[in-house]
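Below are structures written as structure tokens.
Both complexes shown next keep subunit A, but they swap its partner, so subunit B is in the first and subunit C is in the second.
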Partner chain A sequence: MVATTHDVMPDIELYQPTDEANALSLASTLGEDGWLLAGGQDTYGWLKDRNKSPAAMIELTKIDAWKGVRETANGIEIGALTTLTEIINDPLIKSRYGLLSMAASRVASPQIRNVGTLAGNLAQDARCWYYRRGLDCYRAGGNLCYADAPESLNREHALFGQSRCVAVSPSDTAPALVALDATLVISSERGQRRVAAEDFFVGPAVDIEHMTILRPGEILTSVLLPNSWANAEFYFEKVADRNVWDFALVSVAAAMKVSDGTIQDARLACGAVEAKPRRLTAVESALRGKPRNEATANQVASIATQGARPLNYNHFKVPLMENLVKRAIRG
Partner chain B sequence: MGEIVRYKRDVWGQEVILGVSWDLLWVVAVAVLVLLAAHAIIMAALANKKMDMPSAEGRRVSRHEAIDRAFHWIMALAIFALIITGVTPILGLRFAWLNLHWISGLILTFVVVFHIIRSLFWQDFKSMILGPKDFGEPFDSSLKPGKYSFEQKGMHWAVTIVALTVIATGVLLFMQIDTPFWDRTNSMPESTLGLVFLLHGLSTLALIALAATHIYFALRPEKLFYTRSMFQGWISEDEMKANHDPSKWAPKEAE
Partner chain C sequence: MNPKLTRRRFIKGVIASGVAVSSTSLWYSARGQSRPPGAVERMIRINVNGQTRTVDVAPNETLASTLRYKLSLTGTKLGCNRGECGACTVLIDDVPNYACSILTHSVKDQRIETVEGLESPNGDLHPVQQAFIEELSPQCGYCTPGQIMSAVGLLRANPNPTRDDVRHGLSGNICRCGAYESYIRGVLRAAEIG
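Let's look at the complex of A and B:
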């Protein structure tokens, strides 16, 4: 439904559980009708424009168990409701997993980072403006993509993995978590399941109406960062139209294990080029055993954009992505 | 529940057709299940315990040539793949279904075109024509058919109409997606697109009902010899004489 009026706030049942069991029970009971609310920075835009109208909302911010950073035997565990500002400033994350701090520091604006949570940043919906405008496109359950027609404005849209829908993953922290080989913990009344960050996100070929594998009744409750990538060499860069309060046109996150100037192992992911963070496995393979320098960067970076299918107005993303990958490798 | 057509707002805010309501999938499933179960019960009640089944032994006559059997099974596999890849995502299964769907659709299109050409020029097309006389067949046990019975002709023409509709609408929808052969233009008007989706959905539902019915009859004990002939190509002379009129169908001996 296209928003045409801005009247009063619609009626929404608000639930504010204070413990995990209650939250999971509510999520299970309400199912698809239970909209999960954390920082609200994705939610309030939808509500303000009257383009989503959830019957009930489960506010999760009162659940302390899903907040904060804890050290574990295998690395660290970050509560999914930890705010982005807390992640930026946390000494453990800063010292061992600076890539995540860097990525979080580039999300939106300081005000949004103060309330926005890691879970919210990861699970936020697509920012395609046709979709957010409330048009009944593929992602909204329709049978058309308004962003990929002859006259569509699509400079922000996907280079890869287009399958009817051409929206991209807007998350800045998602590529960082893929590069850090993070594991995401998803809880529900039935128990917990753990998935690699890479597998948490889903493209339109598999599920055109969702950005993640989260199903009704499930809540993303924590993120685990493994010791194996602690203190690696990191690189994060995001290019957007504005330096603050804007979504990436392309971003790159890289983690590399370098010994005597030679790359032993690497994980790279790009944001805003596909509906999920695009892991650059071919680039990673090409980097192993090579020196981390300009020559390697020049030699390998073009692999990153192989298979790109630009739309009418986003051809610029191809050299942009290639250059960002080059800069990430060069360091 | 209750609606047949789903609607949406187009880019101008006008209400246009979105497609078929998939609630109908359950209606079709239940209806087919009930009807086939009822048929099975009635047939069981009417059956003579010592039913005289014609012998499969003795002289064999050819019913389906190898190329026609191959066509049938390729078409069956393609339709099965199309139904699975088209319907299971609607039921909530998440997988990359679209490529599998259009590849199966292309295979179905090619084999159907092949079948149409072959049936018009190399097969006995007249044996499949459904004429007014055929309608008396179910009510008069003395009337025996030629190669195909009234029910078989009816099923064939129903599948023909439904399959051609699903193929025609499928090809139009195929042109709206990116493929290795072209980039989509996204230029079909939304109202036309909705109508095509509606016809594709309705013909899919009909195809599911027909496929279920066809499989049911293929597994009925008194029809199993037809199913065997679709694997092996022959029926026995006894089976032919018990179910067909030799003056209307004179098959050659099976090799």
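Let's look at the complex of A and C:
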């Protein structure tokens, strides 16, 4: 017999639907008692710690319709259950939307990318360790924040958009999808809805217990990347304490349309500075019509951190973010 | 009502009364729900190191648990049980995966390979094992089965890796002794002796 330690999985039921209708129906029937399981790399920690206790897992990776990359009239469609490794190596994504491949290649470790999916990467929960530890903080439905007290360890926490909770978005692919102006397709028994990647993520002022707009019964089924940003000039950089396994301290994803050296249009987003990817709209406007060079970078980058409200231990993120934006602009 | 407490109470209840039903079904009945049909069956066949084995696998069971505690394949080590160290690395259809962080039920239709399966029937070691001995790659040896499986996976996908390819290929395996250099040398030599 396996010894019962905190590292052992809890008793939980498992469903492995092989068609879409069955998965959507299970998700709807089980509601909050059901846990959508993709690659499980965010899931198993929660379950082993007993800090989330769903009654059943609904494994989504046996549904072929939700995997793989297809070309469409308007761009490409990526099945949300495609693994990160597949996204890194896919010829279409690599050649036209290299930003997403670069971002995916910086997630966790090779083994985690081999099973971790795009859906799971986008829908993963906050990594604030007070919360992961199972404390009854705001995000867990309680009424205080352990990360924002005078002695809290909040080096990894937010610069922007704090509202009682100061956790950040942990996903590496999320800022890339915001920069690429992706659309996410969400399915449920009632039908489908489409939302811009930017509107998929929410901060604590909107919903303190969820990082996305997904509701029980809903499944993220595909991600659409538009032709309009294919083959743009891309930049992705993630700074973390270690190159493998560690979450971003700050990351930047940039897409720029440049012709004759002049930036026609740009989309930039930073990860790990707010509870959702932070789109840098003021930087984007300032960049239009300027040459893509060092001088522009120096001139514009400080706009990125305007309004930052550092916590006790994360002031370093302000110059870090500014420098990353600078490097993204100068290329 | 806090579902966590309900659940605990019921599990305790099961232990106290010795009732031989899974607490999951009690959980459902406690919440006045009937369980949707179609949950996984426990008796399954899995393909490990080329052999088909019939095993009783709980729905929540990780592959590392099945390998170590049901099939006595203890070459697959558990370091962290959290996807953070690589000691449990096995190959699933030739691809390195953390056995601690994958359900056995998820891979029941795939080929599972552990360090025990690498030796050829006549007792010859796999080139990676041989090269690791020649380069004195392991120090304490705890991370070695995982390093070997990552190396075998890497070489199957890329038989002539550069040093940098090897660094990336083994980057999901921590070595607490810090024997990284000698593992990299080992993989490069394995590629030569192929």
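Keep in mind that, in the parts below, the second predicted complex is superposed on the first by the 323 of 331 C-alpha atoms of A that agree within 3 Å, B and C clash if a C-alpha of one lies under 4 Å from a C-alpha of the other, contacts with A are read in each partner's own complex, and residues count from 1 in each chain.
FYI, contacts are C-beta pairs under 8 Å (C-beta built on N, C-alpha and C of every residue); 3 or more make two chains touch, one makes a residue touch a chain.
Just so you know, these numbers come straight off a predicted model, no measurement behind them.
After overlaying the two complexes on the shared chain, residue contacts for A:Ser28 are found with neither subunit B nor subunit C. Of the two partner chains placed around the shared chain by superposition, subunit B is the only one that A:Asp136 touches, whereas subunit C remains out of contact.
Between subunit B and subunit C, more residues of subunit A are touched by C. In the superposition on chain A, contact of A:Gln111 is made with subunit C only, not with subunit B.
Contacts of A:Thr262 after superposition on the shared chain: neither subunit B nor subunit C is touched.
By the touch criterion stated above, A:Asn293 is placed in contact with neither subunit B nor subunit C. Legend: residue contacts after superposition of the two complexes on their common chain; A:Gly45 is shown touching subunit C, with no touch to subunit B.
Of the two partner chains placed by the overlay, only subunit B lies in contact with A:Ala149; subunit C stays clear of it. Taken together, the two complexes place residues 1-2 of subunit A in contact with subunit B and also with subunit C. Subunit A makes touch with subunit C in their complex at residues 1-2, 7-17, 22, 26, 29-30, 33, 40-41, 44-45, 47-48, 50, 53, 55-57, 59, 61, 85, 108-112, 114-115, 243-245. Only residues 8-11, 13, 18-19, 94-96, 98-99, 177-178, 183-187, 190, 193-194, 197 of subunit B touch subunit A when the two sit together in their complex. Residues of subunit C touching subunit A in their complex: 3-4, 7, 11, 22-24, 27-28, 31, 33, 35-36, 38-40, 58-62, 65, 69, 78, 81-84, 86, 89, 95-98, 101-103, 105-106, 150, 168-169, 171-172. Contact residues of subunit A toward subunit B in the complex are 1-2, 4, 135-136, 141-146, 148-150, 152, 162-164, 202, 205-207, 213, 309.
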